[in-house]
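Take a look at the structures listed below.
First chain A sits with chain B, and in the next complex the same chain sits with chain C.
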Partner chain A sequence: MKPAERLAFAERPERRFALAMAAPGVLVLIVTTTLPLLYLIWQSMHNINLAMPGMDRFMGLENYERMWGDERFWAAFGFTLIYTGSTVAMQLVIGLAMALLILRIPRAQWVFRIAAILPIVLAPVVVGLFWRSLMLTPDFGIVDFASRSLGLGSHNWLGDPVLARVSVIVIHTWQWTPFVFLYMLAAIAALPSDLFEAARIDRANAWRRFRYITLPLIRPAIIVVVILRMTVALSAFAAIYAATGGGPGTVTEIINLYAYRVSFAELSLGYGAAVAVVLLALTMLVAALLFRVRREA
Partner chain B sequence: MRPGAALNAVRGGVLMLAAATLLTVWAVPVLLAVLTSLKNEKEVLAYPPSLLFEPTLKSFVTVLTGPTNILPNLTSSLIVAIGTTLLTIIIAVPAAYAFARLKLPGKKPAGFYVLATQLVPPIGLIIPYFLILNKIGWMDSYQGLIVVYLTFSLPFAIWLLVSYFEDIPREMEEAALLDRASRWQAFWHVVLPQARGAIAVTVTFVFLNAWNEFLFAVVLGGATVKPVTVAMYNYINTEQTLWAQLSAAALVAMFPVIVLGILAQKHIVSGLSAGAVKGTGRR
Partner chain C sequence: MKTTTEKSAAIDLPRRVAIKHAVALAGAPWVLRHAHAQSMDLGPYQNAKINWRQAEGQTVNVSCISAVYFDNLIALTPEFEALTGIKVRYDKVPPGQIRQKVVLDLSAKTANISTHAADPMYIPLYAANKWTEALEPYLNDSKLTDRAWFKPDDMVEAWRRANMIDGRTYGLPFMGETTIQTYRKDLYDAQGLKPAETFNEIIANAKALHNPAARMWGFCMRGMPGAGQNMYIYPSIFRAYGAKWFDAGGKIQVNSPEALAALEWYVMANNSYAPQAAQNWNWPDIADAFSQGTLASYIDGSSAAPVLTNPDRSKVIGKIGYARWPKGPSGNRVGSIWNWALPINAALPEKARHATWLFIQWACSEETQARTSFKWKGPNKRYDVNRISMWKNPDYLASISTAGHNFINATIDGMTLDSDVDWRPRVPQWPAIGETMAKILQSTLVGQIKPKQALDDAQIQVERIMRGS
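Presenting the complex of A and B:
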């Protein structure tokens, strides 16, 4: 039988077989993810307060109207943008610089690859707790110790509004920069080396080689890693929860944490659902970006 | 020595120094945790922090055998992580094979759908699940938490496996089909053995993500199902933090994922960016 005939012959059973293989996965996802999300949207149009059971009622878009005038929501929204923007930017710049640096070290690159694994595999809640206790506690934490030793004095790193924001941003950056580093390392190592040889013969210096050869070639990898890190930063939770719990007051609340606190501390599940829907929309916007990039790549 | 060589030596030294600094920054919190876990609770509070002290394993003994030991929590984590991993693999492997290799009707939209579900922020699911699990009586139950964990592990595993399945050569599979093997036989006897490595990597990352999960566990778990990530709070309360015990417990809890991460280090980039790019950095 010729391959083309065989294909035509095999096609119909193949389709049926393919459906049987894929259906359980897709069905489970519909039941476990899509249906609860529809329920979330339905919840967001209700007044559901666990402290006042029996008071549930449909209220249309009232929760969303309330959000529009809710200063704490807008503060969380703003900090989400700051948090996502700054952590992703720092991860990219430091991670890329590190990859370029390590590639120039002839020996022992594996030490860095192994060390980079450490932050990545730790549970974010453990990372948050380590930083909160061992690193940042006034008087005992190593960062405070270093600050005092350098004559900069002791600070309430997680209690001061500005320092607390900087701290949670640093913690997230600390945990995920190694991932960007490894990603960039792989992307640069995959580039054809003869290009660099040619540039070296043309006496292009290191900066020009980076600017005009490496950077354009790894652009697709950069775009993907940026979007990937954005989706992760948008749904960050455990590290901030462990380090500051959103405090002092509400200054380190990102939308995620705000929705959590509204729902499970204030027990106002309807309004919390509405806040979560907004975060969902924001994440899907970033995801749409990802789809576009994948199609172009 | 030529001046160029001297310059190179200096440059090399600077590079090494910069690299060493980075290495330290990554390692410090974990090294501090190791040091702290070996101190007694009084030594922990010494200022300046002491580097030379008499190490004791007392904290480890306490977190493993004391009244607030984490053994039940390790068991909880193990049950949830293994249950999640098993279910995920059973469902994801056939689905990924269909997406990667077969003429699946509606492949493109279905693939996008799976990728989109992977990006859903957990907070969007936890609010509905809180009410749903309450209604069906699955709060603080293993089956409840495992079902919820499928929401992030399943799309992740499908996409990771798709990228691996696409790389498996088709020749043997086609030869088997020509030999009148059924589709299922070709999948089971020819493709699966070739995908063993890919499945091992997927198992590693699904387990790791389930083990490290915190938000779902803290809201939907309870006294019965209390994974180690939640149990860390046993050592922290409003009056005091038991630093040495917290450090010891965290190290015990993180030991399995650190080992898994190092074992799977070659795959960590592709493993954590499943679906974002077709076949990234699999070297």
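Presenting the complex of A and C:
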């Protein structure tokens, strides 16, 4: 027996044991995630409409063809991209800026850390309701009061098509920027200080130190945080549902909300499943792209 | 010797106390129920010539919403349990989610929900899928129902008919409401205004009192999108303009000239005289604004009266008047029909279905309606009982007389004269139609799309829904 073979032979029972130990976990995972996913895909290829009992049938890719010509789906698709892109970009810029700023405060940083946790621990549905009723109600809300006090006038923040989009983007950004802030705070605080000292001796100014030292060093952290934020933004639901319900009309309807409405309000389970499958594919695609960028980094 | 006893007593004491408590705790529900049962007056129920204990030992699972009428019912449930030996478990679900939650249970046939607070507009869907039972076999079985005692025909007819498909009953109304005008009587009197009799008078009254600079808006209707929100109020206007949901050939029709005129009126009235935020308001928001004294009049359900007369929150107590829905251009007054109905899940075994029926019979009976309303000892009375005879009962009328001027007559007229069962299209596809129309109404209200274009789009979508593709 060659040494390598001997090693493999010795490892075999161990590997078998490892498999046996992992099996229950894997099984639970298959039952709770893989099977429902396969069922979702199976459902997306059927006509299942609870309002039309007796018309259930296999229809292959017809649901997907219908989506191709469904204006409301494409509107939701478009807004999902706008929503995800803008909220993630804003979270990143504001969160990073806050982290850089607060690291320069010599004392009481903990106050900011604790304050930052508050929005994160709130349930999104509470955030949506809180913004809808306390902050944005025309004539009564705090934001509207501020706007009137500043001479900008009262606005229908969740009723006007453009303002409603801005509002739901601001709500999501408000809730999740602190997450990016805390993540960035940790990443920057862990950077070696000698590099910055050397740069200072070389008379690099603050912008250059940020651009050529901080940014490259925290790049992996930025990519991870972007992946995390993207997947959450793509699957956002509760805050929009509570604040606008996708309205006015359908302007703040993201794909997730549309899939929910098709399935549970219109009771068209087959088509709803197809919409959900597309959202799943989109999320996986974005995540895969970003992981690739990360590996190349 | 003494010391030892003392010592052992000292050690034993906590244990003894603990045992005593444990016994008390274990025995408590029985003791309480027993004591309660003795103080309960079950006589009025025992007058019914049925065996209330025929489904003893069964459990009935009820899904309902959080509201005064169900809270009072829940508090009375130990009486039902003592009467029948049936256990009742309640699950409170927010009104926005109860339909979806119930549909999941019914369609999967898991039978976790024996009966629930059902939206009458979902009855066609239930019937088409045979998810819930037709109730005639229960009503007509003398072993299960004493008709002379239960008096099913005493329940408000429009509400009963709203739960019927092809002459068969799929749910009984536990409570109900109708649409009425609510207005500030003090302001109307000061200006010599009368409650509106026509749609034009609504606008004239609103104009006379509309003064947003002084935080007073003239008139308001629901703007929030939803099958039960803006599609609660628009169908009344639609029918009052003489529009019909189905043409002579039975084809659905949402873009007739009358429908367009109705939509234009809705948009004009709300955008001219309601607070801007009302584009996203549901009835609690409207009732709040009215009770804060910022609305001169509105049209919505009669069951908001408890909000308007709540001394902790309302600033307009004693200043409220009510009137019937005004006549539309077609001469019709078309109020809504709303009730929470109780159906029986068809996926239950027979014994459990019988237990569920006994529960429904108990909840909808005159005695329970009385005990949850005017005989109720607590502060929260009901304004929404299900029986015509009760709406003539002086004790009941006295208990709701605090609602304000003319509430009782306006409500009785609303539910007996102004209710139209086909106020909304009663088809299994209603959930999809309601949602689609709701979205389109709100897009029109916020000015994203013109009314004509909106209804033409709606027509295409609604036809697609009816085809099931």
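Convention: the second predicted complex is superposed on the first by the 275 of 297 C-alpha atoms of A that agree within 3 Å, B and C clash if a C-alpha of one lies under 4 Å from a C-alpha of the other, contacts with A are read in each partner's own complex, and residues count from 1 in each chain.
Everything below uses one rule, namely that a residue touches a chain if its C-beta (ideal position, glycine included) is under 8 Å from a C-beta of that chain, and two chains touch if they have at least 3 such contacts.
Since the structure is predicted, the reported quantities are computational estimates derived from the model, not experimental observations.
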item: Superposition on chain A - do chain B and chain C clash or fit; value: clash
item: Touched partner set for A:Phe264, first chain B, second chain C, both or neither; value: both
item: Chain B versus chain C as contact partner of A:Val125, first or second or both or neither; value: first
item: Chain B versus chain C as contact partner of A:Ile117, first or second or both or neither; value: first
item: Chain A residues touched - chain C or chain B, whichever exceeds; value: B
item: Which of chain B and chain C A:Phe140 touches, first, second, both or neither; value: both
item: Doubly contacted residues of chain A, that is, touched by chain B and again by chain C; value: 139-140, 264
item: Chain A-touching residues of chain B, taken from the complex the two chains share; value: 15-16, 18-19, 22-23, 25-30, 32-33, 36, 44-45, 47-49, 91-92, 94-99, 102-105, 110, 112-117, 119-132, 147-148, 150-151, 154-155, 158, 177-178, 183-184, 187, 208, 211-215, 219, 229, 232, 236, 241, 243, 246-247, 250, 253-254, 257-258, 260-262, 265, 268-269, 272-273, 276-278, 280-281, 283
item: Chain B-facing residues of chain A, complex; value: 6, 10-11, 13-15, 17-19, 21-22, 24-26, 28-29, 32-34, 36-37, 39-40, 43, 48, 98, 101-102, 104-105, 111-127, 129-131, 133-135, 139-140, 142, 145, 174, 178-179, 182-183, 186-187, 189-190, 220-221, 224-225, 227-228, 231, 234-235, 237-238, 241-242, 256, 259-260, 263-264, 269, 272-273, 276-277, 279-280, 283-284, 286-287, 290-291, 294, 297
item: Residues of chain A touching chain C in the complex; value: 47, 49-53, 55, 66, 132, 137-140, 154, 156, 158-161, 244-251, 261, 264-268
item: Chain A contact footprint on chain C (complex, rising order); value: 100, 103, 107, 125, 128-129, 215, 223-227, 275-277, 279-280, 427-432, 435-436, 439-440, 442-443, 445-446, 448-449, 465, 468-469
